[in-house]
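What follows is a set of structures for review.
Presented sequentially are two complexes of chain A, the first with chain B as partner and the second with chain C.
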Partner chain A sequence: MSYFVTTEQANQVLSKLLETYDVYAPKRFPKQGRFSDTDIIRYAKVEKVDDIVYDEKSDFPAKEVINPIQQAIFYFTEDEFRASKGHTRPILLFARPCDINAQKVQARIFMDNGGYQDLYYARMRELINFVLMECPGGDDTCFCCSMGTNKTDNYVMAVRFGEDGLKVEVKDDKFAPYFEGAAADDFTPKFVEENQTKVTVPEIPDKDVLLALKNHPMWREFDKRCVSCGACTIACSTCTCFTTRDIVYGQNPEVGERHRIAASCQIDGFSDIAGGFGYRKTAGDRMRYKVLHKFHDYKVRFGEDMCVGCGRCTSRCPAYIPITATVGKMAAAAEEIKKEQGK
Partner chain B sequence: MMNNPVMPIPCEILKITHESDLEWNFRVKTDVKPAPGQFMQLSIPMVGEAPISVCGAGDGYLEFLIRSVGKVTNVIFEKKPGDTLFLRGPYGKGWPVEELKDKHVVVITGGTGLAPVRMMLDKLYEEPDYCKSVHLISGFKNEEGIVFHDDLAKWEAGSFETIYALDRDEKEGWRTGLVTTFVKEIPWKEFDGNYAVVVVGPPPMMKFTGLELVKNGVEEEKIWMSFERKMSCAVGKCGHCRIDEVYVCLDGPVFNYTKAKYLVD
Partner chain C sequence: MNHDINIGKVRTNCWRQSKVDGEFMLQLRVPGGVIPVEYLQYASEIATKWGDGNFHIGTRLTLDFPGIKYEDIPAVNKYLKKYIKGIEEDLCGVDMQKLAHEPHEWDEDSGYPTIGARNISACIGNRHCICGNVDTTDMARKLEALIFPSNYHIKINVAGCPNDCIKAHMADFGIVGVAKIDYHPERCIGCGACVKACKHGATRVLSLNELTGKIDKDPCCCVGCGECVKACPTAAWSRNPKKLYRVILGGRTGRQTPRTGKMFLNWVTEDVVLGVINNWQKFSAWALDYKPVYLHGGHLIDRAGYHEFKKRILEGVELNPEAMVAEQMFWHETEYRSNFNVKKPEDHLTAGPGSQG
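Up next is the complex of A and B:
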């Protein structure tokens, strides 16, 4: 069932929803952007429809709500670990198709990989209800259509924002009562069918081609260009990597918290081990590791590519390295190698 | 309440044996029953966690040979019997013990690489009929680096064919040279193809031993290696141990050489 609600009506619906749900959506934080006089758009709790930024892609992904940059996973004393308390209220999470599909990608790692289910991700996902924000078209960094992540049916409601109000499709009947008395509409969300930017993911038929691709000179370009800041992985909709760190309370060294903190494979030290051994010591090698994971390795393990084409890594990179061009170069290198190896 | 696969469990330290200055064997009370070659996460609140191979098991206890190299391991070295260590696991896939049955087994270790195979070697020692023969090449950097003195002596006196070596130094009854030097002394021809090789040590040692084995005509699919990678979670979530589509904490640490040789970081 679909409805049209005026902005005023929508605010009434939202306040009713807030009695039961926490509502998270992209929100504008003025003058917190990377350059002077620019804003930042990131996920935060919202209480008014006007707070929701719908006409621009958020700088940071929806994953931050489910899988924060930093969280306490245990409280400990000298003789006991106790799992931290999780969020308790159910959540409505406003997200575009790329961000919703990104959770399919994260879930394969957090919920399934190796048969271990991560408590912290699982307990948060149980509370999440996606509200699909119809995507008005993205920007010049988007390539969701190339990745097949432009569509989704994983939502309880879908919305199209307009000047005078919102169109809402209620897919999960438990939300229908909130719209009692609203005008009926025939709205169903449309999905972006073509992006300005397109990407061809290379075919890597076997381990010998992969090995040659890892050693291809194309990666050396990034030794100088990439500054290894890790901004791309923090902004990425699907990156999951983290490090564990213990934090002691100042006054009482006997008790503290074990934290999970987002980690980046683009930063030196990600793979250092005892005895002075480490892997991927140059920015180019780390770039190769990231790009092959997003566009090859993950697919070998889980059957689909890891990247959802949100373009955020491109937007956030201080060295202006576009992921799409890098994948293009990798595809060309793979073709060259296949020809050499007669494949 | 959902199950939490990263929950550390308090366990009592029963005994600490100094194998060398920097490598001590910690016996810890627990009923967990790991397979040979698996590892556990050892944890100290306020400091952190470290993945450590299980190097021995007995009734109600496990043993860990720990090398003091940093934050967590240094604090573990301050512990005394009766103190608490936190454990979680076991994790990973261990040695293919079934594969070794009725075969000639060759084990090549570098330094503390002996720890992850000790539990398996003990089994082969206790059950001499399990495989046809056991050849053990164990190399150490120098005299101070030798660990498991008692086990080395026991295995040598028993049914194992042993070559013990120091990299450069001389020691009575021991050989001098890198383990790779002794690969050709294994009577490969006599095995008639019925053998399995286990290699574990620091990354360069494993790499060169692999190449040397292949040079001596050893078949790749009969070689097994144990990998060490940075780990934070041990349950396939944190990403630190990943190489290509492989998670060392889940799919390893033990790999067949046909797979291991492609695991280039």
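Up next is the complex of A and C:
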């Protein structure tokens, strides 16, 4: 069942929903951008429909709600510990198809990998109800269609924002009562069918090609260009890597809390191991690792590419390194190698 | 050549004497160094019709036209009318019918009325620059309306950030855009990018706290540049939206006592900056005993002494809560001549009533 609600009605619906749900959506943080007088759009709790930024892609992904940049996982006192309680109220999470599909990718890592289910991800995911924000087309960094992540049916409601109101498809009946008395509409969400930017993921048929690609000189370009800040992985809808850090209370190292904090394969030191060895000591090596992971390695293991084509890594890169161009370069290098190896 | 030229009067109209007999160079004001490109047609016309076909970008960002004959000055002055009205009145909101804030008729065919208050220099600021904290063009235009036209000399340089590319430290007043920086620890991953950026490009005020994994900051020594914001991959640092400024005082070059300016005000709002500069005409008038002789502004501050200057320039200015003011001012001048200031008492330069003979 679909409805049309004016912005005023939508705010009334929202305030009713807020009695039961926490509502998270992309919100504008004025003048908090990297450069002066630029804004940041990131996920935060919203209490008014007007707070939701729908016509511009958020700088940071929806994953921040489910899998925050940092969270306390347990508290310890000498030999005892207690897990953090985490979020308790159910959540309505406004997200575009790329962000919703990204949670399939994250779920595989957290829930379906290594025979272990991650408690912190699992307990949060249980609370999440996606509200699909119909994507008005994204921007020139988007390439969801190339990655097959432009569509989803994983939502309880779908919304199209307009100047004078919202069109809402209520897919999960438990939300129907909130719209009692609202005007009926025939709205169903449309999905982006073509992006301005297209990406061809290279075919890497065997290990010899992969090894040659790994050693290809194309990666050396990034030794100089990439600043290894990790902004791409923080902005990434699917990256799951984290580290832990104990925060001790004052002077006593036996009392404190353990935090899970986002980590980045792009930051120097990520691959350092005991004895001082590091697997990827240059920016180019780290770039290669990331790109192959997103566009090859994950697929070998799980059957689908890890990237959802949201393009946020490109938008946030301070060094103007677009992932689309890098994948293009990798595809060209793979073709060159296959030709050389007669494949 | 036989000329009858009142050089002082010509200079007051922004014409500079040339070493070439009978020639002058026009200096067009470009407040903040930014003008709409349509105004370049005036530059082209002046250089082609009356000048030597070139223009020079002046050291204070003026557009200069050398090689103009003295005899052509009235025609050029007349031609300038549209440029002056467009830039000064329309862009900057200058009241051309005033002189040092007092009513004074301007003959619009006579070119620039004064040269005292120099063109306001500014870097491109945050309209373009990735480092800039403030809109320097906007600030320069607002300041222009406060200092021009006036026979009282003043040089103002406006820098968008503490990197100070425009050299605010070398002007009577250097206005520097600064930002208080907000920290969002919940977004911080402790990567240390900001620590490195601050160490490399600023004042080393950040350090990684090994106990918390978060950043400690020595706020006292933070210059407010925003390098940490630029470096942060997670937006854990952001500039506080309140626009603030640092005011550097008394920098100058020159044959006598060149020196770098020192910090006069820190973390002040635009209103404070405009209030201070608004008082400049009154301060200058008092210091020169109401006789606008051709004397560089920095020397007026010296003659009055810092404390007298401070009292007068801050008169009626309401400081914002964050504002800091220099209690003392210890400039360090280049000693071209040892004990430059030691001289007979009757040779001492003074300010205020009776000081100008």
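Keep this in mind: the second predicted complex is superposed on the first by the 339 of 343 C-alpha atoms of A that agree within 3 Å, B and C clash if a C-alpha of one lies under 4 Å from a C-alpha of the other, contacts with A are read in each partner's own complex, and residues count from 1 in each chain.
Here, a contact is a pair of C-beta atoms (placed from the backbone, for glycine too) under 8 Å apart; a residue touches a chain by one contact, two chains touch by 3 or more.
A quick note: this is a predicted structure, and the numbers were derived from the prediction, not measured.
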Is A:Leu119 contacted by the first partner chain B, the second partner chain C, both or neither? first
Quick one: is A:Arg42 in contact with chain B, with chain C, with both, or with neither? Answer first, second, both or neither. second
Identify the partner contact of A:Thr20: answer first if only chain B is touched, second if only chain C is, both if each is, neither if none is. neither
Using the superposition on chain A described above, determine whether A:Gln341 touches chain B (first), chain C (second), both, or neither. neither
Count the residues of chain A touched by chain B and by chain C, then name the partner with the higher count. B
Just to be sure I read the superposition right, which of the two partners does A:Arg34 touch: chain B = first, chain C = second, or both, or neither? second
Which superposed partner A:Cys229 touches (first chain B, second chain C, both, neither): second
Can A:Thr200 be said to touch chain B (first), chain C (second), both, or neither? neither
A:Asp59 in the overlay: touching chain B, chain C, both, or neither? Say first, second, both or neither. second
Taking the superposition on A as described, I'd like to know which of chain B and chain C A:Leu211 touches: first, second, both or neither. first
Chain B and chain C contact sites that coincide on chain A, given as residue numbers: 245, 248, 263
Which part of chain A faces chain B closely enough to touch in the complex? 73-74, 76-81, 83, 109-110, 113-114, 116-119, 122-123, 207, 210-211, 214, 240-246, 248, 253, 256, 258, 263, 265, 270-275, 277, 279-280, 285, 289, 292-293, 297-298, 300-301
Inside the complex, what are the residues of chain B that reach chain A? 2-8, 10, 45-49, 67, 69-70, 84, 86, 202-203, 228-230, 232-233, 235-240, 242, 244-245, 247, 249-250, 262, 264-265
Partner chain A, residues of chain C touching it in the complex: 126, 130, 132-135, 179, 182, 186-191, 193, 211-213, 226, 229-235, 238-239, 241
Given the complex, residues on chain A that touch chain C span 29-37, 40, 42, 59-60, 68-70, 229-231, 234, 245, 247-248, 259, 261-264, 267, 316, 318
